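Before anything else, here is the set of structures, which you'll find just below.
Shared between the two complexes below is chain A, which pairs with chain B and chain C, respectively.
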Partner chain A sequence: MEYVEEKKVVDDIKSVFKEVDCIIKRERRVEVKLPKEKLLEFALRMQTNWDFPHLSAISCVDWIDDGEFELVYHFWSYNRKVLVSASIRIPREENAHFETLSHLWQPAKFFERDIHEMFGITFDGNDDMSKFILEEWDGPPPMRKDFVTREYALSFYHFREYHPEWMKDLEGAGEK
Partner chain B sequence: MEKQVTARNVWERIFTKLNKRSLWMLHYCTGCGAIELPPTMTARFDMERFGIMPMVTPRQADILLITGYLSLKTLKRVILTYEQMQAPKWVVGFGSCTINGGMYWNSYITIKSLDQYLPVDLYIAGCMPRPEAIIEAFNTLIKRIDEGKADAWKDYYRNYDFYKENQRKVLGEFETYVDIKADAKRFGIV
Partner chain C sequence: MAEVKERRVYDLFIGPNHPGIEGNYSMQLTLEGDKIVKAKTQGGFLHRGFEKLMEERLFIQNIAIVCRICVPDPDPNEENYARAVEEIAGIEVPIRAKYIRTLVLELSRIASHLFTFGGHAGTIGLYTMPNWSIADRDRILDLFEELTGARVYHIYIMPGGVRRDFPAGFKKHVMEVMDYIESRIPYYDDLLFDNAILYKRAKGIGKMSLEDAIKWGVTGPNLRACGLAADVRKDDPYEAYPYLDFEIPTRTEGDALARLLVRRAELIQSISIVRQVIENIPEGPVWNKIPNPLKWKVPAGSAYVRCESSKGEYAYYMVSDGGRKPYRVHVRGASVTHGVHVLENLLVGSRIEDASQIMFSLDACPPEIDR
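Take a look at the complex of A and B:
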């Protein structure tokens, strides 16, 4: 594999952000690890200088042992056909928060609402942090690693007891 | 007095006789189980030969088929839908998920047994139940309607407090648009 376009993207990034960790994962995939202060500048350059008009997703990882949340921003370029995943790490706190990207990309509003719901991270500057998918939910953020879903389900829902003798009269019903 | 009772029973028997051959199933799919319904409805298994057809509005439907897992968000919509349906109405729980949570046994957002929230007439076990099982279930339902045994909907009016309490427990306070207690008086159930 030549990785022509991927190398150009890495060169672009290296020309401005000299210190950052930037590797080609495989064909059409570039991974960047940024300090969290650099993300806004990076996103702005992606959008305006380097032809990455599409923010395709924001994902979140809970590194509970490191005490950190990792936010991964995926940028896609239609012309260059490269997906750049830029990841930053923020401290893992009860009220973790980070700055929004919704003024650069409208769809970021939805991604951030989703992350707020699942991980409890607040995005400063995003005015809509209301419930997104889990409308009826008011427990803790369910995708955090310290949320034990089994315990919650046992305490919250009614479980049916198992009575095998109830099925006796059904045995052989399908063989008629 | 006794004559009246027998007369009503005859009417009831006529009603159920007519009812059982003209069932409209609400075309509302909650989970992955809905994928078994197209073959059940269409030419291969053809549930129309038993007089069952899909219906798009809850107010004109008789059967509410809960096809698969119910998240809390869906449960609220199902309750609103169920209360809009005109009695007599029947609920069929479809697949393991409605019986004991199925493969979502430790999920934080799906309910584990449907009969805590709605009165269920019939459960179809399996993941997924094949169209044969659905046809078998419909035949059982028809038989029970004919015998007058499928009256779980009366249970909803009788034990409304129990169902409402359970619904409140998982969903919190929410508004439904049908006055169940007034309806129960109208039907002479309470």
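Take a look at the complex of A and C:
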């Protein structure tokens, strides 16, 4: 495999951000690991200089053991046909926050709102951080790894006592 | 909430249960007379917490979950999920399985487009079209039942290939159904696509320029209706699409009519793709054995896979930490842009009677947004 366009994209990135970790993962996939201060400048260059008009998604990963949140920005170029996944890490705090990209890409506004709802990361500068899905929820952000669905369900809901005759033999035979 | 001054402006709630809404979704419209001055979408009625649930299930168990994310077009989920696992674990897929996956995806696209034709026609009062197109969609579901055993949620595409090979006589049945669907297109034309009512109602409605569409993150048929021939099947090829010959239909108007006509042209292309698959499918195995799925540990890594669903770009971001369960699965539904801010932007300035039509013309699918 030649990876012509992918190499050009990596060269573009390396020409400005010399220190960053930038690899060709496979055909049409480039991965960049950035320090969090560099993201805004990187995104600006992606949009204006390097012809990446489409922000496909923003993914959030909760690395609880490292005490960090990873935010992965997926940029796609219609002309160059390469997808760049740029990831940054921010400290995993109760009130974690990061800067917004919603002034550059309109889809980012909803992506960030979704992450705010599910992971509790506030994006400074995004004017719509209202709830979308979990309107009547005031518990912890549910997609964080320290929120365990089963534990929450057992502590929150009460199970009805139900022990009919026919179930006597079956009870306790399943999960041990 | 809008300011109520001299009773000129008022709020109207459409949904979550409304025939003019695709799925369970809600639009809060601020109206001045019958003109929409502000629109706010509200979702969450179909939130089932699948992303969280997937973190607590084995890789093999999730196959039964992912297809439920999008009801009218479930197969892109299965295909994307399987391909993400394959990319992380480094599994090769047999060429025959790639062709079968392509067939399933295209059948799913036809079924979904037929659904949308019916829905769109319903919003402008042509109620015969939904009856016809949904009855014809049933023929596709019959094919799915024959191939996979299930009509809507197939749980058929799995890491390493597909679950089973074609049953006896399946190729012939596919060809018969494709001939049937193709023979129905003139009837659809008479009823909907050449109908003066459609042109009166849909022309110039929900219009967006190509610059706006790119800025708003529009993908799929909605973007192609604005004039950009962008299609994941061509730009970022997967499965058997590189071996098949098909075109990307585009239009330049960018309105509701153009979006509907692009879908009609795509239906014809999809029929052609299905025929090519049936004619060219190679012999061979359909599944490369994966390790014991109950003990299978997928190596650490991440993958971002994309495919072209009937609604636009569908993508999965999967992270594995080397365990038996995925560490994180992020589903990027195609409607996540179309159903929220694109819809909000297009509704402003249009009239109340077109609100449903704009939503259906974007083919926004709420279960993808809520997950």
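Everything that follows uses one rule, which is that the second predicted complex is superposed on the first by the 157 of 176 C-alpha atoms of A that agree within 3 Å, B and C clash if a C-alpha of one lies under 4 Å from a C-alpha of the other, contacts with A are read in each partner's own complex, and residues count from 1 in each chain.
The rule is simple: a residue touches a chain if its C-beta (ideal position, glycine included) is under 8 Å from a C-beta of that chain, and two chains touch if they have at least 3 such contacts.
None of the values given here were measured: they were computed from a predicted structure.
Judged by the touch definition given at the top, the superposed model places A:T149 against both chain B and chain C. Look at A:Y78: by the touch rule set out above, it reaches chain C but stays clear of chain B. Using the contact criterion defined above for the overlaid structures, shared-chain residue A:R29 touches chain C, although it does not reach chain B.
Within the superposed three-chain model, A:A57 lies in touch with chain C and out of touch with chain B [touch as defined at top]. In the overlay built on the shared chain, the residue A:H103 is in contact with neither chain B nor chain C.
Contacts of A:H158 after superposition on the shared chain: chain B is touched, whereas chain C is not. Set against each other, chain B and chain C differ in how many residues of chain A they touch, and the higher count belongs to C. By the touch criterion defined above, A:D138 reaches chain B but does not reach chain C.
Note: residues 133-135, 142, 149-150 of chain A belong to the chain B contact set and to the chain C contact set alike, using the contact criterion stated above. Interface residues of chain B facing chain A in the complex, by the touch rule stated above, are 72-73, 75-76, 99-101, 105-109, 111-113, 116, 136, 166, 170-172.
Of all residues in chain A, those touching chain B in their complex are 133-139, 142, 147, 149-150, 152-153, 156-160, 162, 173-174. Chain A contributes residues 26, 28-29, 53-57, 59-62, 72, 74, 78, 81, 83, 85, 105-107, 109-111, 114, 118, 132-135, 142-143, 149-150 to its touches with chain C in the complex.
Only residues 42-44, 47, 49, 51-53, 56, 87, 214-217, 219, 228, 230, 235-236, 302, 304, 306, 313, 315, 317, 319, 327-328, 330, 332, 336-337, 340-341, 370 of chain C touch chain A when the two sit together in their complex.
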